[in-house]
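The two complexes that follow have chain A in common; it is paired with chain B in the first and with chain C in the second.
On to the complex of A and B.
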């Protein structure tokens, strides 16, 4: 089923959680909503589910397969929702948890006891928990609870599966396992799924499509490849992995100066730019013919334990530059502590600096004068009059 | 050697231990066990037959009946109110929520005598609604309805006080999960909310019941002390005592104490059961 969101906004008190979102979720795809905490991704998911109402606007709509469901209650939308903390019914056994959605159906639609039993066990076998049917949620591990939550959501044969931080509270190993398992499950069932995550690795690994969100807005929509290799905005680039940022200027000859780096480029409108390079996109050179397009830097810290070698360089402007090298390349260009070498970016992204300095803080709060200032102003006015 | 020292470091010295224990045991014995022993001792001093005779007397029996009758009305009503109020207050956030939570505590905060007086001022002859009630021949003050009303008012907070923190802590995620699975509001309440709060609810009901049967102050003000009609057990005990009929007074008191002990036993059972459930 395709899901379409048109002009969806959400305001909590005077905080704008979502700002006019327009999105399309394709049929049978697994989509990730990726963003830092507070970016509005969970709110968006809950609005799709019907657990939260979008701001009342004429043109805001939620369409399932082209049918307007904006006014449909949660229960009528037939969505499977997996909560971040699972929200299993603590007083019911695993079996009863999964059977709940079937048992509360109207008597006409409700399957017989035997059918319920069979369906539940089929689901439990699928999530490999058929031997634990009689246990209470409190007797299960985190990963098992997660799978019960998933089986429970699937029991009502939902048209959409919505998962809120599905692996958020699991340890790294179980998380990787479940991630693979979820992908496989999706490939078997082909149910339109949306999952929320703040973990870029998870999004890149599991999803067909990634929607990157920030401060209630969408930054980029694309496949994992597009988002990773062609980040549309500086935020996307920064959010999807480590990055080195160099502030620079463009002169009239369209060369970029940043420290001792000279770069030819075709941006001309704004002289202030930022050059972003991922740590693995650097070549380390011991010698160069001319010092163009390279940073001269001193090796400061070298970490060789791990899948690749991490080196921290300090350049002449005292900036920290992170470089990731494969062990092979490291052997070819062995760098020792204190060595001065040349770093050449293979790939980079250029972003225009905004006119004003970008404020780090969230500025989505609608500003209201403080009560105290209001009272103060009032008193001043009063005093002036008299 | 080390572990022994460590252990000693974690515990208070023996002498302090003994002093604290003795003081608390003596205190308990003096203020809690002794009165109970005295009540039962006095009640049975002249033998079981005399005790039974005092209780089987028409006035005492009618007091027992009235006490149970009042509790039977007040407790279910407060149960209903308590669930409704705590559900609304714990699961939803609205303007004035804190004010209502504070208001629920009002009956605890004011003296029971004042609680009784409120009803006299409302329904008494010179009260706000009193004249209208007399005109329509409805008697509330110095009659059973007044006693029931006063009892409900005084025992009002018990269930809600017990449930609000419990429900707030549990949050509403499970209810939301039930809704996404297609359950309607009523199903969600019966199958999810109620089972989750059941032990806390029972605990609140037991406390509410104990107070409903034992309430003296507010009931005393509105009852009018009509023998065999508007006397509850606590009032009856007081009257008998004031008439120097000590054995009968203590017999009635022992009955009340017995009801209280049963309630306590129930409470103990509920606590034990809910603790067991939590540790599983």
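On to the complex of A and C.
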């Protein structure tokens, strides 16, 4: 099912959580909503589910397959929602949890006891928990609990599966495992799915499409490849992995980066620019013919344990430059602590300096709930009780 | 023999708290109750039974436990509603209403007894219209029940309120997204989650009502066989210098209360054991 959002905004006590969002989620695709905390991604997911209402505006609409569902209650939208903290019914067994959505159906639509039993066990087999049907949630591990939550959401045969940081409270290993498993499950079922995450790796690995959000706005929509290799904004570039940032200015159509004056690119207008280079996009050269387009830097710290070699360089301006080398390349250009080498960016992104973003952020801090009143309330309550 | 009560723990004060708890319970709670049992045993089994099986005593037991049970059930229901209201709604002045709930705790029971009697007496504000409608409240078991409701309500509200506050909203959201109606969500998700505290609230309110004296005696009318509660009967016996008789009635109450609370506690621990963890 395709989901279309038109002009969706959401304001909480003057704080703009979502600012006029227009989006389209494709049928049968697994889409990731990626962004830092406070970017509005969970709010957006909850609005799709119907757990939250968007600001009342004439032109704001939520369409499921072209049908306006803005005024439909949660229960009528047929969405499966999975929470970060599982939200399992603690007093019910695994079986009863999964069967919940079937058992609460109106008597006309409700499947027979045998059908419920069969359907639940089919789902439990799918999430590999059929041997634990009679356990209570407290007797399961975190990963198992999340799989129960997923089975429970799938039991009502949802048209959309919405997952709110589904792996957020699991440890790294289980998370990676469950991530692959979710992808496989999606490939088998092809339910239109949206999942919220702040983990870029997770988004890149699992999803068909990524929507990068920041401060209630959409920064970029694209495939994992697009957002990683062609970040539309500086924010996207910064958010999707480590980057080295070099500040510079434009002079006579050339960007000049202070320090050893490296001329990198032609660019017009705006005097202030930033050059962003990913750590793995540097070539390490032991010697160069001229010092154009390179940074001269000293190796400061070398970490060889890991899939690739991480080297921290310090340049003449005392800036830290992070470089990732493959073990092969590291063998070709062995760098020792204290060596002075030349770093040549193979690929880079140029962004103009933006002042606007900073201001917006300041507003946010002013409009957050007031801590002082909260404390005052607490003290009142405490005095009254004692 | 190697009895190890103490598990290794970084928290200090095991010896101190254990000693104090045992001393406190022994000296303040168990010693007087033991005295009651020892005094009561002077009567012997047959003597004890004779006092207990006196129709007037039996009637008082029936009245006390019956009205206390009714009051506790009513309190559990309405206490839940009050607690729900206090946790789920936000409006200015809520704190004021919140503190009104505690008033029955703070008032001297005699004061509340007199106040209730004044209101519910056949000439009182509420008593008169009810009387006209053919319902006599004061000086009947209904009046006793009302007094017991009055003093027991805060127990339910104050035990259920924290449980409701702790309840994750997500559980309700899940239930509703799975297609459950609000009523089903309440019955199948919320109530089972707060059942342990609801049972505790019921038990506290019930226990308080059984032992209540001050606020009940005024509204009860104290007619033997009809509106005479056990606590009053004990006082009456004491006034007649029938110490052994009073002790026997008290012992009977003690045994019944203990059994009832024991059963309630079993229920409570059973219902909360299912909710552990997660």
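Brief remarks follow.
Keep this in mind: the second predicted complex is superposed on the first by the 348 of 386 C-alpha atoms of A that agree within 3 Å, B and C clash if a C-alpha of one lies under 4 Å from a C-alpha of the other, contacts with A are read in each partner's own complex, and residues count from 1 in each chain.
By definition in this document, a residue touches a chain if its C-beta (ideal position, glycine included) is under 8 Å from a C-beta of that chain, and two chains touch if they have at least 3 such contacts.
Keep in mind that this is a model prediction, so the values were computed, not measured.
When both complexes are superposed on chain A, chain B and chain C end up clashing with one another.
Look at A:74: by the touch rule set out above, it reaches both chain B and chain C.
Contacts of A:137 after superposition: chain C is touched, whereas chain B is not reached. When the two complexes are overlaid on their common chain A, residue A:101 makes contact with chain B and with chain C alike. When the shared chain is aligned, chain B and chain C each come close enough to touch A:85. Once chain A of one complex is fitted onto chain A of the other, the partner contacts of A:145 are limited to chain C, with no touch recorded for chain B.
Of the residues of chain A, those at positions 49-51, 73-75, 79-81, 83, 85, 87-91, 100-101, 104-105, 136, 138-139, 152-153, 155-156 touch chain B in one of the two structures and chain C in the other. Here chain A touches chain B in the complex through residues 49-51, 73-75, 78-81, 83, 85, 87-92, 100-101, 104-105, 136, 138-139, 152-153, 155-156, going by the rule given at the top.
If you check the complex, the residues on chain B that touch chain A are 173-174, 176-184, 187, 191-192, 195-196, 280.
Residues of chain A touching chain C in their complex: 49-51, 73-75, 79-81, 83, 85-91, 100-101, 104-105, 136-139, 145, 152-153, 155-156, 380-381, 384.
For chain C in complex with chain A, the residues that touch the partner chain are 95, 99, 168, 170-171, 173-181, 184, 188-189, 192-193, 274-278.
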